[in-house]
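Next come two complexes built around subunit A: one with subunit B, the other with subunit C.
Now for the complex of A and B:
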C-alpha cells in the first residue's frame, strides 16, 4: 500500500489544478444562475454586484424556460449539430474511401482536401454568405440568374421551345432569411469540418487488414459487401471519435450564426447565452447550465447510437 | 472434383520476372505442398491459382475449364491465410457463416453447415466469441472452418502454421492431414518448412527463384533428389555435400551423403575427423565433425547412446550404396 502513496502524492498537484480549472468556472456559473446579477440597472443598482443576498432560487431558470427563444434555441442547436454530424460523417467516409485508392497526384489532392479546416470560422462564414450563398452577388445568385437566362433563350428555340416554356422562373434562395439561415450555417460548417472527418477516416483506412479483404474476395464478397461488413465496422471507432469531438464543437457554434443572420430566427444555446449576457448574467448562467445538460445528453445518446449500430 | 493445371504460367511484377513460364498438374484429391526458401515465389504461385494475382501469361485450368480470367470468388477455391485473416468485428459463428451469407444460402442450411464444421474442428464452445478472444491455434481452426463450410473444390493454404508455436504446429499438422483424409479434397499447401512438406504431402513441389526444381512424392525426393538444391533442401539434418578429391574418386563433381547413412567408429573407417559439437536428442545424436576435406563441418546422425566427446578423433564410413553423385552442372548423375 505504502508504495502507492508517493505516486499519488506526486499526482496531486496536477489533479488539483485540473479540478480547479474545471470546477471554478462551473461553480461560478452555478452560483450566478441562482442569484439576480445584471451588468447595468438604474432601478436596482444592488443587482449589479454578485451577492448571495440577491438569491433568486430557480427564478433565472424559470425566466429562461419562459423566454420566447429558448425552445427554438434548443431545437436549432440539435438540428444544426445533428445535420452537420450526419453530413460530415457520410461525406468523410465517401471521400476517404475514394482517396484511399492510389492515383496520380494523391498527395496534392489530400492537402487540398484538408485546407478548409485551416480557414477561421468567421472568415469561412463571411466567404460563404457573401461570395457563394448571396442571392444577388454570390455564386448562387449568378448561377440562378444564368440558368434563368439560359431557359429564356431556349424558350424561343425551335423544336424544344414549348418544353422550356413550361419551366418556371427560378428564384434564388436568400440564406439570411430566418427559415434558411440554419441551412447556410450547416452548409458552411459541413464544408469546413468534412476534412477533419476525412483525415481521421483516411488514417484508419490505412490500417485496414489487406489479407482480410482478400479473404472476403475469395468468400464471394463484392465491393459493397466488403465495404459494409469489413470497412464500416473497421471505421466504427473513428466514427465515434469524429461524432464526439464534432458534437462538442458544434454545440458551441457562434461566429457563423452571428455573421449569417445575427441570430434572426436562427439561434442556438450559445447565441442565446450571448444575448442574455449583454445584461442579464443570471439568465445567461442558467442558460449555460442548460447547455451543459444538453451537451451531456447529446454526447451519451450519440455515442450509444454509434456504438450499437457499428460494433454489432 | 478439384484438379488444377498450370500451363506456361508466368508472373512478372513490372520488369522483374517472379515466376518464369511454368507447367504443373495437381490431380483431384491430392495433397500438394509447395516448398522452397522464402522469396522463391511459392506464395505468388498460390495467389495466382487463387486469382488474387493475375497471370502475366499462360493459362490456369480448374477441373478442365480455363479459369485464368475467372474472378477469385467464382473459382470454387477456399484459402487459409498465414495471418488467419479473420473478420475481427464478427463472432466466430459469423466468420464461418460469411461465405455462406455471401452465397445467399438459406439460414437453416447455413446453421447445419456451421454446426458440422464447428464440431469437426472442436469450435462449438467458441462460436459466440470474437477472434480476438481466441488463441492462435483456435483462430487457425476458425480460418479452416470458414474454408470448409464452402465445400470448395480445392483448399489453398498459405503458410498456415508459421504463426503457431512448435508444439501447436505439430498438432495442427496432424489435424490438417486428417482433414484431408476425411474430406478427400484437393489441398495445395505452401510452406518453407521441409518437415511440414515431408510429413503432409502426397506430392512435393520444390521451388527456387520461381523455377520448379523437382516434383515428386516425399520419398522420391529423399531418395533421388534431381539436383544439388533439392538434395540440400530435403531431409533433416541436411545432406552432406562433399566436393573435391573425395568426389573425384567416385567420378563425380560433388557427392552427397545423408547424415543417417554414415557409420561412426573410433578405430577404423574411410575418413578421419575430429568431433565438434554433438547434439544429444536422446533418440539420436547429431555429431558435427571437422577435418574432412570438401565439407566442414560434416554432420553425422548416430545412435542416441554413442559415446563421443568434443575433440575426439573418429573414423567415418559412408554407406557406398546410398551416396548421391552430382555432375559439375549440379544435376544428379544416374
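Now for the complex of A and C:
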C-alpha cells in the first residue's frame, strides 16, 4: 500500500492552491465586514487602515441592509436572473426539440446556434447596446425610423391613406435608462446563454428512450402528449442543472451591467459591491458576504445533484 | 397512411425552415458585427449603407493605431496560454491521483473544488485588490495568469477526472508491474492514452480564460490588460466609431468563436460537471 502514497499526494498542490485561493480572500472579506474600514476619511483617519480596534460588529451589515441601494440591487439581481432563466429555458427547450431530429444542414445550424456562447461578455454588451439597440444609430433606431417613414408615405397613398393616418408615430426605446437597461442586459445575456441551454437539452434528448416513444406512438399518443409526458419529464434534471448553473453565473453578472448601465441606477449585487469598494470597504465586504450566501443557496442544490452522478 | 406520410414530409420541410431561421437569427448579431467592421465609421451609421456599401479594410489596418489592439491581444494570448498550461500542470497529477487512487474522501474533495468555482468573484473584490497591490502584483501578467488558472482549475480537474476515469485501471497498473514509477505512469501511459481528453480540456480552459471579464478588468490597468479590458474601456462610442469598434471586437472574438465550434461536446461536460449525459 505504501506505493500508493505518492500518487495520492499528487493532488496536494491543487488542493493547497484552491484552499489558499478560497480561504485567504474570503477570510479577509469576512474580517473587513466586521470592522470600520474606508479608503479616504478626513474626519477619521484611523479608519483608513484595517485594524481590529475599529471593530464594528454587525454594523456594516445593518448599514447595508438599511441602504436603499442594497434592496434595489437585490431586486434587480433577482429580476435579471429570473428573467434570463425563464427565457433561456423556454427557448432552449423549444429550439432543442426543433433541431433534435435530422434535417438538411443540421451541423451548420448547430454551429450557427452555438456561436453566441463564445462571444466575450464585453463584446456582447458593446455590440448589443451600440450597434443593435441604440435608439438612433443602432438597428433598432434605424428600424423604427424606416417604419415611420413607410407609414408616412402610406398616409399619402390614395384609398388607404386615411387608415394609416390613424397610426401613431413609433418611438424607439432608449435602453440606457435605468429600467430599460435591465431589459437590454436580459436580452443580451439571453442571446448568449440560450445556446448553452439548447446544447444541454440536446445532449439529454439524444439519450431519450426511443422505444418508449415508439410505444407511445403505437398507443396513439399525439405530438403534444409525447412531449408533455415523455420528453418534458426526461428533461427535468437537465432543466434543473441549467437553472442552477446559470443562476450562479448570472448572480455575478458584471461586464454587461458595467457597460450598459454604468451609473444609471440599474445595479446588481456585484456592481453595488464595486461601487462600495471605491471607498467603504466595510460595506463592500458585508455586501460580498450577502452575495456569497445568495450563491450558496443555489450552489448547495447543484452540488447535491452533481454529487449523485459523480462516482458512477 | 398516405396522409400521414405527406404531412410528415411537410413537417420535415417546415422543421428545416424553422431550424435554419432560428440558427440564422442567433448568428445575426455576430454577422452584423463583422459586416459593420467593413464599413467606414461614417458609413456605419447611415441607413442608406445598411446592407450595400463599399467594403473597406481600413478598420482592421488601423487597429493598432486606434486601439493598440496587438498589445492587448498579445496579453490575452500570453495570459490565456500560460494559465491553461499551468492549470494542466497542476490538474493532471491531481486528476490522476483522484481517478486511479481514490480514497473515501475523493468525492468530497472534488465537490469542494467545484464549490470554490461557485463563490461570486465580487465578494472578494477588495481583498484581492488589496493583496495584489500590497504584493506589488497589480497589473502584472503573473497575477492575471495566476487568477485565470485558479478560477478554471476546478473545471480542468473535473473534466480530466471524467476522462481519466474512462481509462481501465488495469492499463495503468500494468505499468506498475513493469516497474514504471509514478511520474513515468503519467508521462508514458496516461498522457498518451488520454491525449484527446486533455486537448479538449485545454481548449475549453483557454476559451474561458480568453473571455474572462471580471478579474482581467479589475486587476489590470495597462501593462497586463487583456482584450476584455480593451473593449470595456471603449464601450460607449456614441455612434462615432461603430466601424472601428466593430473591427476590434470582431478581431477579439473571431478566433475564439471558431475554436468554440470544435469543442461543443466538451462544453457540455465541462460546464455541467458531467451531470448531463
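Here, the second predicted complex is superposed on the first by the 270 of 312 C-alpha atoms of A that agree within 3 Å, B and C clash if a C-alpha of one lies under 4 Å from a C-alpha of the other, contacts with A are read in each partner's own complex, and residues count from 1 in each chain.
Keep this in mind: a residue touches a chain if its C-beta (ideal position, glycine included) is under 8 Å from a C-beta of that chain, and two chains touch if they have at least 3 such contacts.
Remember, predicted model here, so these are calculated numbers, not experimental data.
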| item | value |
| --- | --- |
| Which superposed partner A:255 touches (first subunit B, second subunit C, both, neither) | second |
| Per-residue contact with subunit A, leading partner among subunit C and subunit B | C |
| Which of subunit B and subunit C A:212 touches, first, second, both or neither | first |
| Contacts of A:193 with subunit B and subunit C, given as first, second, both or neither | neither |
| First, second, both or neither for A:234, with subunit B first and subunit C second | first |
| Partner chain in contact with A:34 - subunit B first, subunit C second, else both or neither | neither |
| Subunit B and subunit C footprints on subunit A, overlapping residues | 311 |
| Sites on subunit C touched by subunit A in the complex | 12, 15-16, 18-20, 22-24, 26-27, 29-30, 32-33, 36, 45, 47, 50, 90-91, 93-94, 96-98, 100-101, 103, 107, 109-116, 118-131, 150, 153-154, 157, 176, 182, 185, 207, 210-211, 213-214, 217-218, 227-228, 231-232, 234-237, 239, 242, 245-246, 249, 252-253, 256-257, 259-261, 264-265, 267-268, 271-277 |
| In the complex with subunit B, residue positions of subunit A that touch it | 209, 211-212, 214-221, 225, 229-230, 233-234, 236, 311-312 |
| In the complex, subunit A residues that touch subunit C | 3-4, 6-11, 13-15, 17-18, 21-22, 24-26, 28-29, 32, 95, 98-99, 101, 103-106, 108-123, 125-132, 134, 136-137, 139, 142, 145-146, 191, 194-196, 199-200, 203-204, 207, 237-238, 241, 245, 248, 251-252, 254-255, 258-259, 269-270, 273-274, 277, 281, 284-285, 288-289, 291-292, 294-296, 298-299, 302-303, 305-307, 309-311 |
| Sites on subunit B touched by subunit A in the complex | 50-52, 72-73, 77-79, 81-83, 85-90, 98-99, 102-103, 146, 150 |
